[in-house]
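In what comes next, chain A is part of two complexes: it sits with chain B in the first one and with chain C in the second one.
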Partner chain A sequence: METLDTSTSKKRSFFQFWNQPKHAAYLFMAPSIIVLLLFMVIPLLGTLGLSFFNINIFFTNTKFVGWDNFVRFFSDQRAINSMWHTLYFTLLETPTQVILGTVAAAALSQGSLFNRFTRSVFYVPVICSLTSIGIIFSMLLDPNIGWIPYFLHQFGMSTPQFFRDAHLAMPSIAFMTVWKNFGVTMTIMLTAIQAISPSLYESAEMDGATKRQQFFHITIPQIIPSLGFCVMTNLIGSMQVFDQIYVTTAGGPEFKTESAVQYIYSRGFSAPYELGYASSVATILFIIIAVLAVSSNMYMSHKEKQMK
Partner chain B sequence: MEAQATTTKKNGYHKAQLVRSILFKVLMLIVIVIVLFPFIWLLISSFKFEKDIITYPPHIFSSKYTFENYIKVWDTIPLMQYIKNTVIFAGATMIISVVLDSMTGYALARMQFRGKTFFYYFVMTTMMIPFMVYMIPLFIEINKLNMLDTYAGLIIPRATTAFGIFMMRSYFVGLPRDLEEAARIDGLNEFGIFTKIMMPLAKPSLMALAVFTLTNNWNDLLYPLILTSTSDMRTLPAGLALFTGQHISFYGPVMAGAVISMLPLFVIYIFAQKYFVQGTAMSGMKE
Partner chain C sequence: MKSSFWKKFGLAAAATLAAVGLSACGNKSNSSSSSSSKTTTITFWNGFTSTDGDILKGIVKDYNATNKDHVKVKMDIMTWDNFNQKLPTAITAKKAPDFVAMNYADMSSYVSNGTMKTIGDFYNQKGVNKNDFTTTARGLGKIDGKTYFVPMQVQGMYVYWNKDLFKKAGLDPNTPPATWDELAADAEKISKLGDNVQGFVMPKDGSAILYNMLQDNGAKLLSSNEKKSALDSAATKKTFDYLQKMIYTDGVGPKNISGAEADNLMLAGSVGIYINGPWLNSGLKKNNINYGITTLAQANKGDQKAILDGVGFGIPTSTDDSKTKAIYSFIKYWNTTKNGKKWSLENKCAPYLKSVAADKDIKADPLVSTMYKQIQYAKTYYPGNKNISNITTNVINPTIEKVLNGTNTNTAMKSASKDIDGVLKGN
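Coming up: the complex of A and B.
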């Protein structure tokens, strides 16, 4: 009896140990944490490490080169240009999307049938892949068969080459991205706007404030935190622009639209497969993104304090 | 706005509001056309003969329609294989990620344990890390594990997302405190409480997270592009992107391919629209 009891009680105490919330929590979290550690944290540290090596995809001639890769970046005109293109895209895309999304959210915040329908239409491009959107726009903007050049021609303008024109390619890509993604900003801002107490508007209405005054003096100050969030996520997203460029211009004409991620991709995953150098460019891009994200966050919380 | 207009008693003001409301609707209808036109045109054109697609000036409708493009795209690229890969990758990732994310979210929301704050900030930090920053070592890692060009290699690194954990945590935090106390008194163990009580309650959030994850992975390009190299393992976006690069001289089949790749999410969107919107709205939540 005695011996039997100890083995079952051991089993039971083992179960009881892990069934306490303070221990069970680790079992609940273990799979996620392991995945995050293995496939995100370790690779992240890996990027930093690889930046200091000459390493190719076949792992031949691997050698430690110190800061050489970073030094090389500053004399690599194509790499530097790709950073400028990425910044240019971000400056075109982020403000446009945030402003359009916020205006759409404010205009459609009431829950009428028309507004709800419009909102669900505006969200449609969000669920599509940038690959398909890129395919559609390559055709819509095609100077030979596209609708947009055709319309411009009807209004007496010359038909621009859009994706094939060095000056128009990036704005075209930015426009396409805004068209696809403004529904995201609209949805997020809508939640923020709908959370504003109606009494604020009622008292403003009594004081005779116009809709525009209400928008700038009630809506905007109330949604600053969400606005800041949208600016930051958009910045981070735009700085990683890849899909839409890969599909439409592939970085052309003459690398004029090549983004930083695209440069990293083509350095690392096409001949001569320089994973080490590509990693150092990724590290530099990460630093730029982090600086942008932190400063936009600081600016927004400064604004938030100012408005309150 | 309209509701406020009707309550206004002054007639002139009322009229101005009405005009404004009509102008607003007209403007919105124009934007609706701008948003929807590309899709409608793509759908119609995908059924046109090549020579009717490349007319100038462009036409919306054509006199004759055909399935030719859909047959041709099927013949030129392994579309069935792409669809299968995308369904397996995006589908499995969705299911696994929803389960793992809610388990972690639940623990962070409703259990007291040592290091809780640490784990919370750990997860939150990973949410901010851009994929491109760690993609090269991830490729090397998956390569060394001999998981390149496998479903496991595509699915496992995406088996959990910080956003999903965050989203499920915010849901579970909001549930009443004594919920699990009653279940514990009834003798249910911790895992039983989670599966039998918490998960059924969380169904709307789980759905929102599911469509969010599904959309992201279904549409992703760079990630499958890096972790797959053979045509056999390509997903729809990766396969289409490469196909476009090769065959842009034929518009019809490319259009048909784009339609096929978008259709499944469109159909799901029609039936589960509120979950899509909810997922996006949650992504903007700050605590």
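Coming up: the complex of A and C.
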């Protein structure tokens, strides 16, 4: 009888403990923390660890090499070029997407039927897979069978080579990515714009402000937090560009579109299967992305404070 | 009261989700090794995704239905790209298939990492006639004197020509180019037809074509001890100049085109001359292209130089020894005269079994007999060298691209030679 009482009281105290908000919070967070640990933190630490080894994908002939892989990176021209290409892509893609998304959101913020339809149309590419879009664009822009070069040729232009031209390939990939993803930025911006109090615009109009002035002096300052979020997520995404390049140019012509992730992949997952060196390049990329993300976040927070 | 219920419900749900998540992560899917105590199921990966895959499926189906060794082959066909990406990780994770069919150029890197079993004893199995295999075909699977692979297919690079385009360009549709000079002259005439017609296509990843050209011109990729690059030579420069003149200067074909894109152009009937393996035959037939196939062009008329390549069966070290007999049973079935003939005739491949080569139907088939002619004098290219695959992907293919895009051939050659030395040193 006494035992039963003890057991019931233990059960009660267990539930009471976890029923407290400060303890329950951990339980609610547990699934996310487990997923993050398994698929983010542990692989990240694993990658960092592998960076210090000369190790192949078969895990044979493993040797601890210290900082050698990192030193090798700075004399590997192809690896350094891949970082520059990634940065070039980011500079093309992120500002274009954020600007286009913001302008489209501002233009389509009113809830008319046409605006709602246009927003849906702009969002359609977002739900398509990037691989499928890459294949479609490869066909559309192919100088031999593509419609776009064909029509340009019909208008008297010389057939552009798009993905096969060293100068046009990266801008073409960036354009394709913007076309696919700007619906997301537009939606986030739209939510931010719609949350702005109409009274601000009414007062501005009474004071004689033009639409352009309203956009730059009311809309933009009000959506700075969302803008910061979009810039940061796009920046991180662009620095990790892979799928669209893999499908369209595979890093060519002459490695001119080879991104950092593409290079890491080719080093680690094709001959000579250098997993250790690929991990060290991945670690360097991680540091670069972290620095860029933190600085952009700090800049945006600073701007946000200035606007208040 | 209500709030307390939902709080408890939420707690229980979160705990369940966490538990399910953990248990899912620990779940190990059990790969089927046997469907019954009598039948041994063996898994088989390969990259025959084209019409050749259908023929292969047919042979596997026949084997599963008729074999008396109680073996069932479970086949997974994927693109060669996917195959080469999945297999290394599968081997490391001990999830590799029981046996594979793999290109010879890729084998040595697996062997050097100790991930493939020696299977020389296959030739001692009851019912296997070792002497029926040509010595060169058997030699393809040998690395450092040990047999790691048994032939499944042998192949080379052949010249395909579009007879209709030859006729349109005023060329004899029954006389394909026999030398590289003739090929360039014919290609130039065809490229003048306009309307997006290409005289000759050299893919930017066309290392197999380049290696044949280099060998034919007397250029070498590696030194005799295979420890240094031997690419920097007058013969290499001559080869690079030849390609650059044709594609970059004369514009007889497109620049920056991949092998897959080049195949599509040929299959669409807009290429005059193309060099490729036997796998293009089925697509050309399907598309009703009026084409011919001949032995590889040569530097001098009458020369007989070509590279022998192929696909072989191999067993990863992760495969349990108890399955070896079952795998040998299938490989033995594959290498019967009946199946060798079927594969050669339907897939248009040169035979490597003497009994198949002697068959009257094989001799009567103009395409297969032409290919067989080349296979007889073709030689392997740096067999067993573990660096070839790396050199091809990271040095030769990018160099082809540079040459076709107009980079000074001397600079491209010297840079490639230096890069090969880097690969050989392990950088």
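Assume the second predicted complex is superposed on the first by the 271 of 308 C-alpha atoms of A that agree within 3 Å, B and C clash if a C-alpha of one lies under 4 Å from a C-alpha of the other, contacts with A are read in each partner's own complex, and residues count from 1 in each chain.
One rule holds for everything that comes next: a contact is a pair of C-beta atoms (placed from the backbone, for glycine too) under 8 Å apart; a residue touches a chain by one contact, two chains touch by 3 or more.
Predicted, not measured: the structure shown is a model, and the values here were computed from it.
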item	value
Partner chain in contact with A:144 - chain B first, chain C second, else both or neither	both
Partner chain in contact with A:272 - chain B first, chain C second, else both or neither	second
Chain B versus chain C as contact partner of A:28, first or second or both or neither	both
Partner chain(s) touched by A:188 [first = chain B, second = chain C, both, neither]	first
Touching partner for A:77 - first (chain B), second (chain C), both, neither	neither
Touched partner set for A:50, first chain B, second chain C, both or neither	first
Which superposed partner A:120 touches (first chain B, second chain C, both, neither)	first
Touching partner for A:225 - first (chain B), second (chain C), both, neither	first
Partner chain(s) touched by A:255 [first = chain B, second = chain C, both, neither]	second
Of chain C and chain B, partner touching more chain A residues	B
Footprint overlap on chain A, where chain B in one structure and chain C in the other make contact	15, 19, 24, 28, 31, 35, 38, 144-145, 250, 269
Contact set on chain B toward chain A in their complex	1-4, 24-25, 28, 31-32, 34-39, 41-42, 45, 53-58, 100-101, 103-104, 106-108, 110-114, 116, 119, 122-123, 126, 128-141, 156-157, 159-160, 162, 165, 189-191, 194, 215, 218-222, 225-226, 236-238, 240-241, 244-245, 248, 251, 254-255, 257-258, 261-262, 265-266, 269, 273, 276-277, 280-281, 283-286
For the chain A and chain B complex, residues of the former touching the latter	15, 19-26, 28-29, 31-33, 35-36, 38-47, 49-50, 104, 107-108, 110, 112, 114, 118-132, 134-140, 144-147, 150, 179, 183-184, 187-192, 205, 211, 225-226, 229-230, 233, 236, 239-240, 242-243, 246-247, 250, 261, 264-265, 268-269, 275, 278-279, 282-283, 285-286, 289, 293
For the chain C and chain A complex, residues of the former touching the latter	4, 7-8, 10-11, 14-15, 17-18, 21-22, 25, 84-85, 88-89, 91-92, 106, 109, 113-115, 196, 204, 254-258, 261, 264-265, 268, 270, 387, 389-390, 393-394, 398, 401-402, 405, 423, 427
Chain C contact footprint on chain A (complex, rising order)	15, 18-19, 24, 27-28, 30-31, 34-35, 38, 56-61, 72, 142-145, 161, 164-166, 250, 252-255, 266, 269-273
